[in-house]
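Okay, so chain A shows up in both of these, paired with chain B first and chain C after.
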Partner chain A sequence: MADYREMWRSLGMDLETHDLLCEALPEAFGGVYLTQENRPQGMDFYDFVVSEIHGVRPAELIEHRKSGGKVFGTFCVYVPDEIIFAAGGIAAGLCGGSQFWVPGGEKVLPANTCPLIKASVGARLDKTCPFFLAADMFVGETTCDGKKKAWEILANEVPIHVINIPQMKRDADIDFFKGEIMNFIKVVEDFTGNKITPEALGESIKLINDKRKALQRVYSSRKSAPVPISGKDALLVTQIAFYDDPARCAQMANKLCDELEERIQQKQGVFPENAPRIMVTGTPMAIPNWKLHHIIESAGAAVVVEESCTGTRYFENLVDEQGTTIEEQVKALAERYMKTNCACFTPNPGRIDDIVRLVEEYKVDGVIDSTLQFCNLYSTESYLVKKELVDRGIPVLHIETDYSDSDYGQLQTRVEAFLEMLQK
Partner chain B sequence: MREELIEEFSTVREVNLMRIKEAKDDGRKVVGIYCTYCPQELVLAAGAIPVGLCGTSEAPVSAAEETLPRNLCPLIKSSFGFAITDTCPFFHFSDLIIGETTCDGKKKMFEIMQDLKPVHIMQLPHLNNTRASFDLWVDEIKRLKLRIEDELNTVITDEAIWQAVDMINREKKALKAIFDLNRADPPPLSGMELLTVVWSRNFSSNKEEMIGRFNRLVDETEYHSQELGKLAPRVLLTGCPVGLGSEKVIRLTEELGAHVVAMENCSGYKTLDLLTDTEASDPFVALAEKYLAIPCSCMSPNNYRMDLLNSMIDDFRIDAVIDLTWQACHTYNVEAYHVGKLVKQKGLPYLHLESDYSSSDLESLKVRIEAMLEMVEK
Partner chain C sequence: MSENKVYILFPNHTEGLRLSSTLRQRGIKYAISPTPRSLSVCCGISLIVAEEELDIIEGIISDTGVLIEKIAKVPIKKDWQYRGS
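Showing the complex of A and B:
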């Protein structure tokens, strides 16, 4: 990484501790990513972003702040980024994906809390992530018990607005969510000092839709056999999409797709055509959590689709662009976001339907349902996922894991046994 | 006399089992509930018998774990386990189950329970301080009324609701009077006695009878004379609900010579100050106001719980606070951070325990409780 120490210092970071992270990352990334063969050239951009992960994008965020703009840290695919960009703000997805931040979170949160939540809180409190310090406001939501209560603790540290996500999807609930988006508009307008006009919101709806379309295109390429891009690489594209500039994200993803589509034409892939095709479903994998994908792909199978927040849930469904008034646009936003199927909703049959549909679309041989530890929602819903898949004769493996490496060997064994079963 | 009364409370479950069976034979309906947020006034107004079904026994947990994750709250696993093994007669008798979205585990468990019984799920908002949340909750209470009417084939009139409101208000006042007995030092009721009394109300088929019994207990309880200098530490228990079968922390604390004088949890004092406004014009609005004010950790933020704890610590002359979280209950577990801060600010020892229904941690619980009690300055 180039020298960003001055910038980090200006953010009030704990440089000594942060150095340890900077030292560990290149090796971790190199071992997981750079050892892959025949990677698309379009991944160079993403490799560069990772190599400068705490430098190049944070520098842009700081520039934005210097010119009077605001940065909003978000933690969920239900947060409508469109509102933030329409007010001239920048939204950056901040979910923590490294064990490095977990002990910091455990200073204020119970050890028996989801690692994503602990890492997110720890990254801010320990001052070891520039993204967390560059955010002027955090946007929380009530998607799960752990997050809902963690915001109360973070509220002592940084301005935070909590969006109240409904738990059902009846018409009244979609109206309720519309109301929450209207509140959010007010909060963002007040915080940025910028009025959100229908024109600006229309533009940002298009901006985020374009990003979604580009990510959809990346995923579509993975329907081919042989698959032109590894699951690890596709996951990285999605992970970076959470905090990159949306226009650049779309541009780079589209550029990558040109190459991937060329590869498909030439029947060129990164795995043999008969390699087992795996779907990963469940809880999100925030950067730099590549653990499960690495285990699966090192065992010779290809991850061809993720039904998760760091996967299809992030970009499936577009916002209708026809609205010309704030009222119409907010309605379109509410309708689009309420199509996303997270286990926080009850009931959540849409997710099961999505899994079944994606199994078909991506010609999946086996599903690995992965839950981060202590996520009561996904771990309980795994019963229903398994039931449906077993009924349909689709092999499924449920695993529960965290960010540590302590269960690495055990996971490896279980995944290998699962893959062996698929090949029979 | 007092002992006899307490003894009566401990037989309520058994006696009412027979009564409820008879009532069922006579065509009365039974509605199973799992949470203090459930507006049981509507169940009573429908002429049905509400029964509390929260599992407090370890016995059915392993059966539940065949369906639910092992790493889930024991109360949820026990409740589901009783249901799936059909070993709880009260669940068995229930014509309708009312669930709420109070926590992630329950919310998802109820989806699976629907295969066993008709389950109606109320959507409880996450925040209780916004107009939109309030309106949503009013609608949910109205929706519950329609479901009960539909499921039990009955009509719920406003008049019947107001009658039930009056009855529940009187029940709360009577229970509060019982809890308030223990403001005295030494406390007239042990923690185990207190638990026996409050827990019994989950199974009663006759609320008026129970209210009468509660009031009698208050009248007939005598205060012990004080032996100054010999007073045992006075402990406040807060956190997740406790019932007979999951009372190990209360039992251990009292075996170690302290008094559990009060409980701020949903089986205890949490809701007892909250009465439905009988002057209101709309019973649904009045019920919504009362229920949404409940200081459960599922609400964010949950400031009223801190206020309640603060005043209970003073009113009950508390020497130490034990905060009990059932395993994998994230809302109480995370909120323990704020509770710990408050208790320490008040200069009292604070012990946060995370446990389940098993007896495997009894020794370590004992050691930790003992160590905390040693810190009490008396």
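Showing the complex of A and C:
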């Protein structure tokens, strides 16, 4: 076996505690993923990435640092990765999706903080995640109060830059966000020592757009019946996209799509054609949070789309590639990122419109609106989501959950009852 | 039905991917899996293969010169339950 222990040690990791995570992952991945039948061959790559999750990519990041490059750890789909790559840096998504890291976060955060924030902070403070330790700078944002305060704690560990995300979408807010991107360019240039030229930014915009197009293609295949790929597998593709090399991400996703499109031609699916088609909407599911998808798909339904940050919000809308000056490119970036509809905005009718549109596009039979515990924004917005869906006669189930398995049985019962209702 | 899961372990991921590619070309089933902790102290890739096909696979390993670390059998857990990892 490749021995990564020296690398982990050099990052200052707590190997003893990390061993416990290494012990849990094979069983969880085997039980959730490798028990599926008829998976696309193209999932081999993603199985490989999970198998080497704390090895291959962290080693690439360390190599990048050795050659003078900088690694930026990010936590949100509003961070313009384009700027980081244009300066020769690497952006790696760091959101924590494991219960394993939650107690570490609870040592410094109130218990009523969402598990995603607790896990992210815990992963860094407990020194059990190489990605958190390989980052030279963290890039935070202001998409919720819990995160805003968490940045102040993480700032004791690593330099952190916080991007101020507007909370409304008026013209003035988009202008303000343009200013935030210009400011971010300056921060990244100073930190990397590299000037961002219009040429470099143009290439980087194209690089990230290509990744988005590839992910859009994966999702597009899920509009078919029977669906050629499970929701669990599609979720894994998106989760990995957050920290993989963007060019490789696009290449592997496109390769997978060639196979999925062939499957569609042959009417080959992973669920029967009449299996209930479910949309999952709500808060993100960072790797290795596969709980809800596993419950839904084990009950015989197919998750065909995720309206979330680990779903359509991540890759819908492209940045206009026509700009030739930094000002034009920044304007295009601001306009693209401000099209993303997060519950941190008020009002946020765009998200409801997205859900309704996706229900139609993906021929969804029922929507499961899932929020992480203590996420006030999404939990509150669920009232409006439910109201709109009920008015339109679209079945909806709202659940609130965390990363633990303590509510697994209860969720199973609720999801099964919901699916039974759909089939009547 | 086999009672065991058969894992093939490798000195590095390149060898694991080499074997998976050959098995794919020959139409032999496998799954790329994280290596169980009980088999190795280092995280990383292993291949799960069917016990019934082990003889053929060992032949392929020998013919292609793929480097492996070991082949190990682990009893299949029949009562697996989801755990928040």
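In the analysis below, the second predicted complex is superposed on the first by the 423 of 424 C-alpha atoms of A that agree within 3 Å, B and C clash if a C-alpha of one lies under 4 Å from a C-alpha of the other, contacts with A are read in each partner's own complex, and residues count from 1 in each chain.
The working rule: contacts are C-beta pairs under 8 Å (C-beta built on N, C-alpha and C of every residue); 3 or more make two chains touch, one makes a residue touch a chain.
Every value quoted in this text rests on a predicted model; they were computed, and no experiment measured them.
Peer 1: Superposed on chain A, are chain B and chain C clashing or fitting side by side?
Peer 2: Fit - chain B and chain C, as placed by superposing on chain A, sit side by side.
Peer 1: Contact-wise, after the overlay, does A:Gly122 reach chain B, chain C, both or neither (first, second, both, neither)?
Peer 2: Touch status of A:Gly122: no partner.
Peer 1: Figure out whether A:Ala150 sits in contact with chain B (first) or chain C (second), or with both, or with neither.
Peer 2: Touch status of A:Ala150: first partner only.
Peer 1: On the chain A superposition, what angle, as a multiple of 10 degrees, is formed at chain A by the C-alpha centres of chain B and chain C?
Peer 2: In the superposed model, the angle at chain A is 140 degrees.
Peer 1: In the superposed arrangement, does A:Gly31 touch chain B (first), chain C (second), both or neither?
Peer 2: Touch status of A:Gly31: second partner only.
Peer 1: With the two complexes superposed on chain A, say which partner A:Asn376 touches: chain B (first), chain C (second), both, or neither.
Peer 2: first
Peer 1: Give one of first, second, both or neither to describe whether A:Asp44 is in contact with chain B, with chain C, with both, or with none.
Peer 2: In the superposed model, A:Asp44 contacts chain C only, not chain B.
Peer 1: Once both structures are aligned on chain A, how many angstrom separate the closest C-alpha atoms of chain B and chain C?
Peer 2: After superposing on chain A, chain B and chain C come no closer than 23 Å at C-alpha.
Peer 1: Residue numbers of chain A touching chain B in their complex, please.
Peer 2: Those in contact with chain B are residues 108-110, 112-113, 142, 144-146, 148-153, 162, 164-168, 172-173, 176, 179-180, 343-344, 346-348, 373-377, 379-384, 400.
Peer 1: Spell out the part of chain C that touches chain A in their complex, as residue ranges.
Peer 2: 9-13, 16-17, 20, 24, 31-37, 40-46, 48, 69, 77, 80-85
Peer 1: Chain A touches which residues of chain B in the complex?
Peer 2: For chain B paired with chain A, touching residues are 67-69, 71-73, 101, 103-105, 107-112, 121, 123, 125-127, 130, 132-133, 136, 139, 297-298, 300-301, 325, 327-331, 333-338, 354.
Peer 1: List the residues on chain A that touch chain C in their complex, please.
Peer 2: The touching residues are 1-5, 19, 21-32, 34, 41, 44, 47-48, 50-56, 98-100, 288, 291, 294-295, 403-405, 408.
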